[in-house]
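First subunit A sits with subunit B, and in the next complex the same chain sits with subunit C.
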Partner chain A sequence: MVRLIIRRILISIPLVVVVTLLTFLLQSLAPGDTARAILGESYTPEAHAQLSHELGLDRPMLVQYWDWLTHAFRGDLGVSPISGIDVAPEIANRLSVTLSLTVGTAILAVVIGVGLGVLSAVRRGRLGRAVDVISLVGFALPNFWLALVLVTVFAVAIPVLPATGYMPLADSPGGWLVSLVLPVATLATSAVAVMAKQTRDAMLDVLSRGFVHSLRANGVSETSIIFRHGLRNAAIPVVTVLGLLFVNLASGSVLVEAVFAMPGLGGLAVQASTQHDLPTVQGVALVFTLIVVVVNLVVDLAYGWLNPKVRVR
Partner chain B sequence: MNGVNHSRSRIAEVRSARWRAGRLVALLIAVIVIMVTAGACYGQRAGGAGASGEPADQLNIGSGFVPNSLDPAKINAAMAWYVNLAYDPLIYWAPDGKLQPRLATSWKYLGEGNRVFELKLRENVTFSDGSPFTADVVKKNIEYFRDAGGESAASLTSVEAVDAVDRSTVRITLSSPDPSLPMVFTQNRLAGNMISGKAIDNPGLLATATAGAGPYVLSEDETVASDHYTYKPNPSYWNKQDVHYGKVVIKVLPNPNTALSALKTGQVDVIQGQYTTAGAAESAGLNVAHAPQVFTGLALADRAGELVPPLADVRVRRALNFAVDRKKITGGLFGEYGTPTEQIVLSGQDGYNDKSFYSYDPEQARRLLAEAGYADGFSLKVVSSANTSAIAQAIADDLGKVGVRLELTNHNDPTNYLRDVAGGEFAAYAIGFGTMPVHLMGPRLFLPSAAQFNPMRSSDPSIESWYRDAAAADAKGRAELDRRIVARLAEEAWFVPVSFIPVFMYSSTSVTGVELTPQRPASNPVEWRPS
Partner chain C sequence: MAAIAIGYLVVVTVAAVGAGWLAPYDPVSTDLDHVLSGPSAQHLLGTDALGRDLLSRLMYGGQASLAGVAQAVVTMLVIGIPLGLLAGYAGGWADRVVTWIVDVALAVPVIVVLLMVLAVFRNNQTAAMLALGILGAPDLARIVRGSTLAVRNELYISAARLTGLTSVRIMARHVLPRITGPIVVRASLFAGGALLAQSGLSYLGLGVQPPAPTWGGMVADASTVIEQQPWSLIPPGIVLGLAILSFGLIGDAMRDAAADRSSRQVVKASARRSSSGDVVTKTQAPAPVEPESTALLSLRGVGIELATPAGQSTVAENLDLDVQSGEIVGLVGESGCGKSMTGRAVLGLLPEGGRVNAGRIVFEGRDLTTMSPREIRRSRGAGMALVSQDPSDSLDPVFRVGHQLDELVRKYHKGSRKEIRARGLELLRSVSLPDPEAVARRYPHELSGGMAQRVAIAFALAGSPSLLIADEPTTALDVTVQAEILDLLRGLSSTTGMAIMFITHDWGVVADLCDRAYVMYAGHVMESSPVGRMFANPLHPYTAGLLDSTPRRDVRRQLLPSIPGTVPSAGEWPTGCHFHPRCPLATSVCEVTAIPMAEPESNHHTRCIHHTQVRRGGGNGRSGALA
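Here is the complex of A and B:
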């Protein structure tokens, strides 16, 4: 286990370098530049040249990247040339928002999605078809539209939940929970659909296998067959999907963050990209890469726990 | 017997499963009830001042912009609220358009020619960091604003020397005449927002903190950058009667629909609006204030015909102005809130000509094009932004009817739009330009030095001569020369102005003083009070 973790961490180092280098090059090649964004309507060629020099943007790209990388490995993600704010604490603040949304949604997806999937696989018939329909509807509803509908219903028409905003957990646990209800419900709609569909299909496959008939013939209770044997065997593809879902949620919640005015990482990434704020874009890319690495590691560890054969490999 | 036992165990199993399912449902219902109850309590707490239980001394503002900086010398004018609360200006631009004393008690130009400007300063004023407000600090401020490269720097390029004559008198000597310094030193033109001398010595701090002599000071502990900014009263403020709230919070709400929802639910008390949501705001019973501010249309950048030869002929540029149905476009895009215009300034404003230059006359447009040798029309590359793409499309439709084909490129990213406008590869661009005195417009819009909005460096000797004369003239002489400049721009058809579009402010009934007027189409949060 420890060797697996160490190996993964070592593999992640070149991954981080490649992703951040690609991000740097792509952002540098995009039209516009930081000095242009700062000058805005005050642009003159002379002012642009002077500001580019002051910001070090006239140095070769690889020199700029190396400078960023060496500082990043020391934990210094630099200062935003647009806002003058340190990038690391800014990202830390926003990471808590994105993780609250992502983890909350993942929990709902597991509890409700897996529950619905198991229920429909066991009962089949109408319930199974209902889960299929719910999954289709969940897939089809655009997050952005659903968020506006939820705000209109639960914040404006029936004012029981806040329309916008995020309350840090440290400030008020109750407020934090309440501020997450609508955004998490928005994100969870499609996540639950994905998990329910995946769980149902995996469970149907497992429950149709021969060893399940043998267990029944030996008088093993149905509960034990479903939860101890069926769900455990069906869990591997479900965990895989959950891992992908988590990464997608972390990087794809930007629209929901925008509708609910939540200061998450997605919004920061979009804002920094449009302003050509390279240190912030690089910092966000680094954090997203680390999230992918950590989630993949957790998924691998879960495989090992669910299927001991995986541990041997 | 075994069969009977098996059936009993199945029945027990099913009952057990049902009991567990029932328990789960009960638990879910309990969680929902708790959350809804907590939500109701939260909703009450998050309400606006006086609207739903919030202490009446808190003002919650929704802003569509994340400030690019909190430094008054670097922040964009569109985000002025973030500095208005913490920095008092030298001169106050009141809603009626008049200039009033604030940190400067009086001001005047010395001698003739608008080359030497003197300010008398208020005494016994201290900044929020405890340092004194003196003539030396004002000198330091003006030099800092001039050299910081922000929006106000362009208005201070002619500042040659700043002298602290005595503790409360500052004299500014200019390299060329400039009649607009009183306006430049107001809160909305930014350069008047005085920063403490200590902070100017360490300007990095100004990105995340405030150091002004205004009614409030940023509470850094209660601020999360890019999300919300909390201001508390400045204990050393010189004019305590202007402090109306115990706390002011600016919440960043970039999405207009989200902002409107937040206002409707009482989470915020005031937001910036836009014409797309104005009807919904009025229907919801909110106070809607609006005033025309931005002239929008086409800027024909290639007036010498370097990229598109037909544009060198003034008859062609006039034809484009005759071909556009301003009334129809304005009504269609902006409804009752838009004002059709043939000039780049508003009626009643500095430089306005009380006459019509271009009525809608497509036949006249066709005649002028034929006279110029372009009866079959021509093509024109035009770049637009997110804010101007709709008007560019509407103009393209009208010009298409007289044979002029616009090839539109739209950039939602303002940086790319500005890059292309200044890049000189587009013969025309769709423009949205906030109205301002003609003297301030010159170096930004129509003089050869306007690098951003006059990318092909178009020049007109008459305009430049009148502009120089107006800079040195008294108010009456300047008014006449400004009128000539605006008329010349219209007759030479450098632009195809179509509409003035308004700025909007929406506020709940818990707040008063949220005003927009044609004389000052910007509202200042220090004027807002509990109703």
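Here is the complex of A and C:
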């Protein structure tokens, strides 16, 4: 178990390096640069050269990357040239918002999506088709548009929920929950659809297996076949999908945070990229990559726990 | 559905490309007298906050969206297909490198990279969509790799290689056409995702800049006037949602079509059924005889039908079959003659859509065909149980053997956890597993085939059934293990008094194990008798043919005879005797009249009017002539 975790982490290190290096090198292609962005109106070639030197921007790209990487390893992601704020604490502050949003959505997706999926696999017929339709609609609705529709209905037409904003959990647990309802509902629509469809397919696959036939023939009850044997076997592919879903949620949160004006990582990423604030974009990229790595690790562990064939003893 | 989706995309494309000619207004010309008007004759979809015509803006906005989607999809195809072909076809280090790239790419936070590309390239949408295509390519490469691996070792590819075609030509000419299906599916789904990304970015004001119209930008414009005119949210949302939905539907339809192709063999076989099926049913033999009250299991006049894509199809009819307590009865025949379905019908576990459409199945004095599913379920396990063919697929792979056994034992025995476990271990011991405690701790995949089949038998014994239905339980096993399992079953039957219905195509097993045997052919029982008599003196030409085509060490032959022809699938059954097209003794009567069951010797039934002429070996018409 511990060895598996260590091995996965070791495999992840080159991954993080490659992704961050790619994003770093991308910056060198940029027509403008950080020094120029800071100088703005007061740009002169001399001032530019001097500031570049002060910031270490005139060094070779790889040296700069190594510098960034070693600092990042110590938790220092540099300073935003636009706002003058340290990137790392800023990201740490906003991470809780994004995590509230994505984890909340993931929980909803598992509870409702798996429930719907199992129900439609067992009942088939009309309910199965309903899940098909729901999952297609969930797939097709652009989440930023859905968010606005929800705002129109539940904040403008029937003003029961806040249209925008975010209340930290520490300030007011109730307010936190209320501020999350619409954003989570937005993200969860497609997430529930995906989970329902995947769960249904996995359940149908398991229920057609030989051992289910044998269990039935030997008198095992339908309840046990569905919930003990069926769900446990179906969970193996579903967990993999859940991992991918969570990674997608991180991306989806960028738009949803923008719509609801939530001070999360997504909003920060959008703001930084429009302002050409590359250290901040780089920091957000790192954090998102780390989220992906952690999710993949958790999925691997869950997969091993669920599937004895790949379990490491 | 897919046709509507394609039609919709065509309409959208035409509207976008032809916007210059078709659009009623200039997309950026403002009309401050008609601000935020709802749909009207003048403006079909209304206007926005600056009085710009929404319909025109939608049409022009489609240009950026569709161009972006095209850029992303083409980029993905151009990079992903060669990468996947290379990995799948060349294998080796190329495969490892590509696989690694795929792993990395799947961990890249797509939206952040897009934001970064837009920051670096100053809101150049083309750059963002190319980046999206690049990020999507590894996933396509993974799919292409998998499909290529499947195709690569097929004969015609090897043949092409032998004739000296270069690898590139083989990939382009022979591999690529075979794997277009999955590529198109992936491209279609990716196009939906690309459209979503493009509109999301333009909603954020990244990419194409206002006042140029974009679908995402129109949603953003609408969001600022939600309170005054919520309507303006609707047109761009619907147009966009339907476009994404269309890409998804097309992808799904392609995937379903591909799945249909691969299972067409099966469908084709059953599609022809329905035509002759009805005719056969009408020529059924006379009314069923009374069941013998002493029999443990008694089938009288049973017919079984299954659901096929072409409708209901009869797979067995007019079955009469008895199993006495403690008796081991063989059910013999070639594959596809209906013997497994007979076993499943007795268990009440026909596949979905299947049912017993005639006759009675009486088990322990109760007619299963009139019982509710719940009652039948209760009779399974305690009354009858099943051991199936493939031991590797008859145990739940995710639970330890002991855990699964406990669940079954608990159904029939009350007691503490310890007592339950003790009973489970006793069961494992009763199937001659050497170290029951160790076996109980294992997962099914840690057992050999023979051990797994013993465990499956132990599972079946948990409810102390009076009838065990064994559906070819030795077919998947090694010969030595087969003999052990047969010994085990014989021993269990004699010590517990459990009857066994043994479904098999192996005469050796029948001779070794069974007291009596039923020979089935094309849904009919052809002959039944005690095993010894059937071997010595078969009374049906099908039985004789089957016996003659079984290898025997005591008879020296140059060529093993076989019965000419193959078993007709259900629905293609001939009229009259189902066996007549392959029968050396067939006369014109056999072709038209349904042959009833006769009992020329006591306890020896045959569905043949020429049974006096049936001889084993050389005397049996064509099959003998082959010898």
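As a working rule, the second predicted complex is superposed on the first by the 295 of 313 C-alpha atoms of A that agree within 3 Å, B and C clash if a C-alpha of one lies under 4 Å from a C-alpha of the other, contacts with A are read in each partner's own complex, and residues count from 1 in each chain.
Following the convention adopted for this analysis, a residue touches a chain if its C-beta (ideal position, glycine included) is under 8 Å from a C-beta of that chain, and two chains touch if they have at least 3 such contacts.
Owing to the predicted nature of the structure, the values given are computational and were not obtained by experimental measurement.
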First (subunit B), second (subunit C), both or neither touched by A:I9: neither
Which of subunit B and subunit C A:L39 touches, first, second, both or neither: first
Subunit B versus subunit C as contact partner of A:S251, first or second or both or neither: second
Per-residue touch tally on subunit A - higher for subunit B or for subunit C: C
First (subunit B), second (subunit C), both or neither touched by A:I107: neither
First (subunit B), second (subunit C), both or neither touched by A:N233: second
First (subunit B), second (subunit C), both or neither touched by A:V259: both
Partner chain in contact with A:V63 - subunit B first, subunit C second, else both or neither: neither
Contacts of A:L148 with subunit B and subunit C, given as first, second, both or neither: both
Partner chain(s) touched by A:N93 [first = subunit B, second = subunit C, both, neither]: first
Footprint overlap on subunit A, where subunit B in one structure and subunit C in the other make contact: 31-32, 148, 151-152, 156, 221-222, 258-259, 274, 276
Subunit A to subunit B touching residues, read off their complex: 31-32, 36-45, 47, 51, 82-85, 90, 93-94, 148, 151-152, 154-156, 159-168, 174-175, 177-179, 181, 221-223, 258-261, 263, 267-268, 271, 274-276
Subunit B - residues contacting subunit A, complex: 9, 13, 16-17, 35-36, 38-43, 45-46, 66-69, 71, 76, 149-151, 153-154, 204, 206-208, 224-227, 251-255, 257-259, 261-262, 264-265, 267, 413-416, 418-419, 422, 444, 451-453
Complex contact set, residues of subunit C against subunit A: 103-104, 107-113, 115-122, 192, 196, 199-200, 203-206, 216, 219, 222-223, 226-227, 230, 233, 236-237, 240-242, 244-245, 248-249, 252, 347, 349, 377-378, 380-382, 384-388, 390, 393-399, 407-408, 411, 443, 445, 456, 459-460, 462-463, 469
Touching residues on subunit A, where the partner in the complex is subunit C: 15, 18-19, 22-23, 26-27, 29-32, 136-137, 139-145, 148-149, 151-152, 156-157, 209-211, 213-222, 224, 228-229, 232-233, 236, 247, 250-251, 254-255, 258-259, 266, 269-270, 272-274, 276-278, 281, 284-285, 288-289, 291-293, 296, 306-309
